[in-house]
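Both complexes shown next keep chain A, but they swap its partner, so chain B is in the first and chain C is in the second.
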Partner chain A sequence: MLFYIFAAIAILSGAYMVLTRNLLYAGFSLLLTLLSVAAIYVLLFADFVAVTQLMVYVGGVLVLILFGIMLSSRVHDKSVMSENTNVGWGITISLLTLIGLSYTIWRAGFSSLPWIQQAGTDVLSGQKSTVQLIGIKLMTDFVLPFEVASLLLLIALMGAAYIATAKQKV
Partner chain B sequence: MITQIPLEHILLLSAALFAIGVLAVISKRHAVMVLMGIELIFNAANLNLVAFSRHDPQLMQGQLFSLFVILVAAAEAAVALAIVLRVYQHFKTANLNQVASKEG
Partner chain C sequence: MLAFALTLLLLLGIVIVLAYAERKVAAFMQDRMGPTEAGPYGSLQSVLDVVKLLQKEDIVPAAADKKLFKLAPILIFAAVFAGFAVIPFTPDLIPAGIGIGVFYLLAIISLDVVGLLMAGWGSNNKYAMLGAMRSVAQIVSYEIPAGLAILSVVMVCQSLDFQEISYQQGILLNRFPGLEFETNWLFGIEALGINTTNIGGITTWNIFRAPILLVAFVIYFIASLAESNRAPFDIPEAESELVAGFHVEYSGFRFAILFLAEYSMMVLVSLVAVILFLGSWNTPLPNLTALKFANWTTGTVGELSGILWGGFWLLSKTFVLLFLQLQIRWTYPRLRVDQLMHLCWKVLTPIALGIVLLAGIWRLLMV
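Let's turn to the complex of A and B:
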């Protein structure tokens, strides 16, 4: 029941994000969408992913997007409004995508796949949280992606700082 | 025990978020709006990964992959917003159609 409430909030605020033309309103409705997706992660027994979503998306990416809006447009100006373009094509393509995906999901019958049937409903099998298991996996099976990710973050940080600073003529 | 959410409903929610993100990417002119649509698409993909990870016997592969997706999305947002700022400083607009019609 809780899932449907959060799903409705996510879809409604996502739709408002597309419908509104004010960039700041769009940013805050994206905040609502991200928060309800984090709540859905909790309902799907993924507590660590939910906390990461809160910290990285809501605490990081969204603040970055709001900074981007404020730095790339004057708030009391028309430039904070985003005009629409290609509305007909956009609605057509996204509706076709939605219909195609829904039809595929409905026809595929994922719930009757054998490996999903075999998995029990007691997914956590007595564990209270997934944090310990994720920590062990990150240090054993996924240690190479983990290290590559740290390198990627370092490169992205340096690149973003280099691109965003005004170039000085030497 | 919480009653199990049907897998199809989660996938349908994710498909709806994906369609909304595609609509935002196609039909918005402001570059930051396009970035927001891309974030929404990332979230839809993550929702799928976590939903299937619930049925994973080893339990963790989908969630770990979604963690890496979140990480790459954060790096992408930082670099993309830096590029948007540079474009705004250079062209004095962040409107993609106007940027496309101007020359460097």
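Let's turn to the complex of A and C:
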């Protein structure tokens, strides 16, 4: 029941985000979408993923988006509006994506997958959260991708610092 | 629902006391009397202020973005109030005992930032906009040293659960499921050979279990002042330049909500500081041979005495920190924006990174 409520909120706010012309409203409805998706993660026993979603997307990405919109508008004292371009191509590509995704989901046949049938409601099996398991996995099986990701972030950080200083000299 | 109502009532009580204390502390530090008219020593002043605010007209500026303007105070207060869900008030009283409480708290506070932007933009006022921008820039920056200081506690305690961290800091250590066979050593080092598991009191607080956390506590406290927009980090409000910051256009009930959210934030960051560093709901008095101060002032878990002692110690420690916040407000002048960023990025963040490393090494000594 809770799942359907949050799913409905996610879909409605997502649709509003796409359909509204006001970029700022789109940003704020993205907040609602992210929150309800986080709630769905919690219902799926993925508490760590849910909180990480809040931390990274709401605390970081969304604030960045809002900052961007607010700093770049208000030039003529009106909110930024998005415009419709490439209507034909947009509809075609999104329809094709929809068909592709629906076909894949239909073909996958989730209810017959063995690990779905084995998984009971007691996913955590006595564990209080998924953090311990995630930590062990990150330090053993997935240590290389983890370290590569940190290297990538460091490079991005240095790049950002370089671009910012280069602009100041001019 | 019961936890919701109780926490809200408790919070309202604390905030009303705090608003009164703020004016009285300010007055005494400036050699004035403060409020004296309403009630004995003016103690009803803040209650009357709330009543006054509720009676006022609800003004929405004509040029404001009305939907955002009306939604923002609710979002700000909801974000701060949601943080209280994971705060353990006594050994067996916690609204939501989730296993990743610390992480959840850090994430939910960042929702506050979106609300501030909403309020600043919705007001359609340049002072409000500037105030919101400054506030958000400040909160986002100071989340980093605060987060690193909290991370060092998490590394020492090996837990993201506020209740588990609380149990680790007192004589009830072995009562927590999963910690039955743990022992506390003085300064966390077994080689010293002083077992403090049954001594408890201040010797098992986190700042004593790993003295390196004392530095982390100072960093967290400074950063938490900035996160709750308190002086000397109150440039988002800066009465002399921005009138009142992001809430300049708000009046009546909506202003009351914003005011409540701001003071709740102060209470929340102080509660977190007490829980993570200063022994949570544990008593500060240690057991000394025959004088079982810690046992006497802890009560029995699950009974009324345990609840009362736990709540008493948690709230009294929190009030000490809140008093410190008020005192600092009237002691230090406001920082400039560049000084603020310098303090955050060039002083606090490098020290906090070093503390995280040292806390990891200390944890190795503790094993």
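Note that the second predicted complex is superposed on the first by the 142 of 170 C-alpha atoms of A that agree within 3 Å, B and C clash if a C-alpha of one lies under 4 Å from a C-alpha of the other, contacts with A are read in each partner's own complex, and residues count from 1 in each chain.
The rule is short, and it goes like this: a contact is a pair of C-beta atoms (placed from the backbone, for glycine too) under 8 Å apart; a residue touches a chain by one contact, two chains touch by 3 or more.
What you see is a predicted model; the values in this text were computed from it and never measured.
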Which superposed partner A:Leu24 touches (first chain B, second chain C, both, neither): second
Which of chain B and chain C A:Leu44 touches, first, second, both or neither: first
Contacts of A:Val131 with chain B and chain C, given as first, second, both or neither: second
Touched partner set for A:Phe67, first chain B, second chain C, both or neither: both
Which of chain B and chain C A:Gly59 touches, first, second, both or neither: second
Contacts of A:Met158 with chain B and chain C, given as first, second, both or neither: neither
Touch count on chain A, higher of chain B and chain C: B
Intersection of chain A interface sets (partners chain B, chain C): 48, 52, 60, 67, 79
Contact footprint of chain B on chain A as seen in their complex: 3-4, 7, 10-11, 14-15, 17-18, 23, 26-27, 30, 33-34, 37, 40-41, 43-46, 48-49, 52-53, 56-57, 60-61, 64-65, 67-69, 71-73, 79, 82-87, 89-91, 93-95, 97-98, 101-102, 105-106, 110-111, 115-116, 118-119, 121-124, 130, 133-134, 137-138, 142, 145, 149, 152-153, 155-157, 159-161, 163-164, 166
Chain C to chain A touching residues, read off their complex: 65, 68, 98-100, 103-104, 106-108, 110-111, 113-114, 117-118, 121, 129, 133, 136, 140, 143, 160-161
Chain A contact footprint on chain B (complex, rising order): 1-2, 4-13, 15-24, 26-33, 35-37, 39-40, 43, 46-47, 50-51, 53-57, 59-60, 63-64, 66-68, 70-79, 81-86, 88-89, 93-95, 97
Partner chain C, residues of chain A touching it in the complex: 24, 28, 31, 47-48, 51-52, 54-55, 58-60, 62-63, 66-67, 70, 74, 79, 127-129, 131
